[in-house]
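These notes open a run of structures that come right after.
Two complexes follow with subunit A in common, the first pairing it with subunit B and the second with subunit C.
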Partner chain A sequence: MRAALRRYGWSYLFVLPTFSLFVVFTLLPVLQAFGLSLQSARIVGGEWIGLQNFVTLAEDPVFRQALGNTVLYSLVVVAAQLTLALVVASLIQPLGRKSQTFYRALFYLPLVNSAILVAMVWRWIFNPNPFGLANTVLGAVGFEPLLWIGSSDQALAAVILSAVLTIPGGGVVLYSAAMGSLPRELYEAAEVEGAGALTKWWYITIPLLKPTTLYLLVIYTILAFQVFERVYVMTSGGGPNNATITIVQLIYSTAFQFGRYGLASAMAVVLFIMAVAVAVVQFRSLRSDVEY
Partner chain B sequence: MDRIEGTTINRRRFLQALGAVGVAVACGPAAPTGASPAPSAAGSATVAAAKPVSIEWWRRNYTAGTQNAETLTSDGAVKAFREKNPNFTISIQGGPFGPETDQKFDIAILQQKAGPDVFHTTGGDVLKYAAAGQLSEPPLTAAEKADFNTSALTATTYKGKVVAYPLWIVPWFEYINLDLFKERGVTPPTDGNWTYDQFLDAARKLTFKRADGKQIYGFAHANDEFAFMLIDGGRLYDKDVKKWTFNSTEAISGLEKWVNLAKEKVMPPDYLTLNPNDSQARFIAGEIAILQRPSAMINVLNADAKWKYGTNWDIANFPKGATAQTAWGGVGFIAVREQADADKKSAAHAFAKYLTGPDIGPDLKKMTPPIEYWLAPAARTSAAGIYGEYHPAKAKVAKMGSFTYVLPNVSTWAEIDQKYLRPARDAALEGKKTAKQALDEVAPTAQRLLDEANK
Partner chain C sequence: MSSIRTKLPVHLVLLAAGVLSLFPLYWLFLTSLSPAQYVVKVPPEIIPREITFSNYQRLFETTPIIRWLVNTVVIAGVITGFHLLFDSMAGYAFAKRRFPGKDLMFWLVVSTLTVPAQVTLIPVFFILRTIGLLDTYPGVIVPGLADVFGVFLMKQFIQTLPSELEQAARLDGASEWQVYTRIILPLSKPALAVLAIFTFNRYWNAFIFPLVILRDPAKYPVQVGLATLQGEFNTDFGMLMTGAAVAAIPMIVVFFAFQRYFIEGIRVGGVKG
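== the complex of A and B ==
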């Protein structure tokens, strides 16, 4: 051990800069958030209050609403994005090399757009006025305009729809790359047995993509839990009657508008625990070695 | 940090000067800890003659080199002040309006006990900084106090002491599109006065669809409003700001009047999410006949060649409800940070007094080109006249101060408003709750937050 350390110890110097940045800008703030969550912290100090912030959250109807909205948003959006990414990647896969590259780029490019700009476009699409794009389309096919983001009944659905209708370019690229590395002989064997395209997709492609699916599931779930800018821009904060308020939106306003850093940190801790718990469950239920 | 023309020291010299002041303070006699000495005009002249003093002014929305109103007026104010006090060096630090800048103020003033010597502030921030002992009490004489608008002075009072200089009162009122009134044959309110029923009737008639399919709405407001809840005499708190009273009969009937507007569909369907800029844009596009916005929009309309005051736009009061004419407004303040350096504090008070006083408006008007200093009616009688001289619309607005309800400062107001009151308002406007249910539900939480603010 000592010999190994003497021989390779210097290599830790190479990871030191990145590790230092990680400690200063990620690890310490996370630990500080845990500490703040147990205090009545405002901008000027605070007192140790134990778990009182968590009790306050449990009793706060706005936090419960934010929690419910975040869970609902995540369930629908993650399921839809995974399905869409898988379907789009599967449609791209049979194409020629150049066409594959073209479509991968096509679906990935929108990701480089500013999330705020994208949200502003969706705000216009779901504008409750007749000139909103969605209402224009509804009008063209003979339906009455909807209130979309202008109604507490429809605002969350509009936000979710905006996320669902945005094809997840990252997922398409990852699935597409994973599909390209699947062994051809399994498909050939299936073809010999008379399997059709859908059967091969269902019984070979999807099971073999399990590691990629697990990765995307975890990442998309965490991203969905963190939804903020879409809600902030599309519905001017939490929407009519707090209809679209999410946990991160509430963390933002609680910390930076109401100055309750302790309470906001407690929300962040709850979100952290949710993300870890869901990730553990996802890993346990989907983890399996795929060999081919 | 931006350097104002005429102030030639560089950063190194600035830091050296600061260091020298620090050493002088550390080695010299203890600085006074109470209220700062009165920076009378003579006092400020004495400081001016004695030695150079550098102070820092933090001004939201100041961006050196741009033509925005805050930048032009701030640069003009510093230039005019330095002409009278050439030994003062004033650096301006900007920052956009919003929570990020608010946090920057909080960190500097509350945590680091440093930062600006003089700064603009609004709302609950005044009380927050005062509670932390970070504001230096303005040395106002009784005559000067009597010169300020009473409600504005009350809004800057903490535990019986005035803790900042009221700068201006920003009233909200109705902008009316005279072309649309004419098109629909609706008579504009005489002298800007109308009852709620007259207003509702006008809004109904002004909501229509043109032959080309373009929908026009009679009335709109941005989603940060609650003014209708005031017109029947409803008020947020009692006079001592100890009791939440916004579920009184008057507040409920005010909200019911607002709900009526939603029921009558005289507002655009996105009225619950319509942000202030979009609401202004829709009025300017000719889609809204009556728009409820603050005085700053006068300059927006004046900057647009197609809008001519008195020809196709005018201003009117809030519709009058069951009680006397009312309006709603916010107050802006200039505050001086408490600090050990007596020279800086004295200079900061002299500058703050100038920024809120009667001389600055005429001084900036004399400049070439003339600068309109007052972006809203002054909170001080002796300074109020010039705002009305800028423009006839402003002359009308300048008279609104007498019936403008200024929101008392409560440090938890943002939480009461955004987290509880607005959603309750939305529920009532959407018809999911009655006005009484909505306001009664908010009351206990609002009272708890008010009690917390009063601790």
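== the complex of A and C ==
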């Protein structure tokens, strides 16, 4: 016992602070979230009610709306982010080292700011007044002003547009790092065969980047599932008729405004399962991909 | 010649994308510096005709924004300091040392990297309520120390360090703690810099967690404070944009000073946007 302690004691001391914090504030809370999802926990009291919370959610039109909005937002935003990151990184790639560094920094700069702050600007841009910037742009190309975040039909589109109009700097950096390490031989062989730049890009670059694409797909999807600040700020927490309500926004209001902790935990479990499902799909696709 | 002809359109496209991407920030600063009558002008002025600091004066006089900034520096600073220490310790143990249970512990830690933070929000709120840390600085800080991105980052880096130096130090009679402080820490400076920048940025921008944990506006970090301004000055966009500008400036300065580390951090695995 003493010998073991002397041999391993330091190792355990080194991991002790992080690991104990991790157990108390991450590992146990994840398990507790599952436990709470099976209880009717409210501000005071609560009892075990089995899957009742999940039945309530399945029948709740607001939750369905939140789920649908979250999925729609994620599909559109992630597709746009992957495309933009790939295209921008491909454009940067043939440039000199200095230009590459400059553009990576240029596209990453907007992302050091908080989601709150960015959403405040977008709220200002998409405000329904004629002096709103989005309406001015519409007017300049001959369209009538829209109500944007003031309308239940257009609010979600404004929120999605605000996310799509930002170049995903992180993805650009990762894609360009991956492109820098692709094997030259394939390109040389293709050039011998007379392949043009676009052909090489489509048939060599994109397939070889699959691991990066999958990684970004998972990270961006899980981040998109968690969209909250944009909705909270741009549309004051859900917009007209819950037009922009999302899962996390609904978790927040259900738990911390209405004190229905059990029901909110059931929503958190749904979110958790969505995130895990995405991660599992990525793991599967990577495993089937033996060549790279 | 042909290189200029082919590269010029590429540069134009990239610059246009960059301008579009930076435009919200430009619009934010522009609005904060515009006199009130220009803020609601139709059509809006893209190039300022007149610049004023009256919004800033009003912001500093009527809101506790300075207090919020100080709170943010303290909260993000303390969290960052602890992460540098704890993550390098754990990263070192996972990278270099052998002990029973190491693989299981590391696997557990890594497996939660993709768990959305909102999943643990309610349970952590309950824990803090039970131990009486709701609406306190430690209540915002301590759970922030449990995030494991840094452990992963430090482990990946320390793994690449040669083991000979550690062995030599042990032969010279250095204690295990001295091996960590005198060999591992100095060699890990590049990774520690990345970790510091990333952690500080992440907690500078944290929102939902402090929003849930803190009640007293005097304790708010600046992001939560900004969100309350939104309620108070709902349509006073000049004022709102000025608050946002004041919250943005420190991170923009940090970015320009430590750009390299941001880019490096993303490569090691910290994509957030």
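Note that in this section the second predicted complex is superposed on the first by the 268 of 292 C-alpha atoms of A that agree within 3 Å, B and C clash if a C-alpha of one lies under 4 Å from a C-alpha of the other, contacts with A are read in each partner's own complex, and residues count from 1 in each chain.
Assume a residue touches a chain if its C-beta (ideal position, glycine included) is under 8 Å from a C-beta of that chain, and two chains touch if they have at least 3 such contacts.
Quick caveat, the model's predicted, so the values are computed rather than measured.
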Touching partner for A:Asn129 - first (subunit B), second (subunit C), both, neither: both
First (subunit B), second (subunit C), both or neither touched by A:Ile222: second
First, second, both or neither for A:Thr235, with subunit B first and subunit C second: first
Partner chain(s) touched by A:Ser152 [first = subunit B, second = subunit C, both, neither]: first
Partner chain in contact with A:Ser181 - subunit B first, subunit C second, else both or neither: neither
Partner chain(s) touched by A:Leu111 [first = subunit B, second = subunit C, both, neither]: second
Subunit C versus subunit B, contacts on subunit A by residue: C
Which of subunit B and subunit C A:Ile251 touches, first, second, both or neither: second
Set of subunit A residues, in rising order, touched by both subunit B and subunit C: 127, 129-130, 256
Contact set on subunit A toward subunit C in their complex: 8, 10-12, 14-15, 17-19, 21-22, 24-30, 32-33, 36, 84, 88, 91-92, 94-95, 99, 103-118, 120-125, 127, 129-131, 133, 136, 139-140, 165-171, 173-174, 177, 216, 218-220, 222-223, 225-226, 228-229, 232-233, 248, 251-252, 255-256, 261, 264-265, 268-269, 271-272, 275-276, 279
Subunit C residues within the subunit A interface of the complex: 7, 10-11, 13-14, 17-18, 20-22, 24-25, 27-28, 31, 39-44, 85-87, 89-90, 92-94, 97-100, 102, 105, 108-109, 112, 114-127, 142-143, 145-148, 151, 176-177, 180, 201, 204-205, 207-208, 212, 223, 226-227, 230, 237, 240-241, 243-244, 247-248, 251-252, 254-255, 259, 262-263, 266-267, 270-273
Touch list for subunit A against partner subunit B, complex: 43-44, 62, 127-130, 145, 147, 149-152, 155, 235-242, 253, 256-260
Touching residues (chain side subunit B, partner subunit A) in the complex: 99-100, 102-103, 106-107, 110-111, 128, 132, 215, 223, 268-273, 275, 412, 414-415, 418-420, 423, 426-427, 430, 432
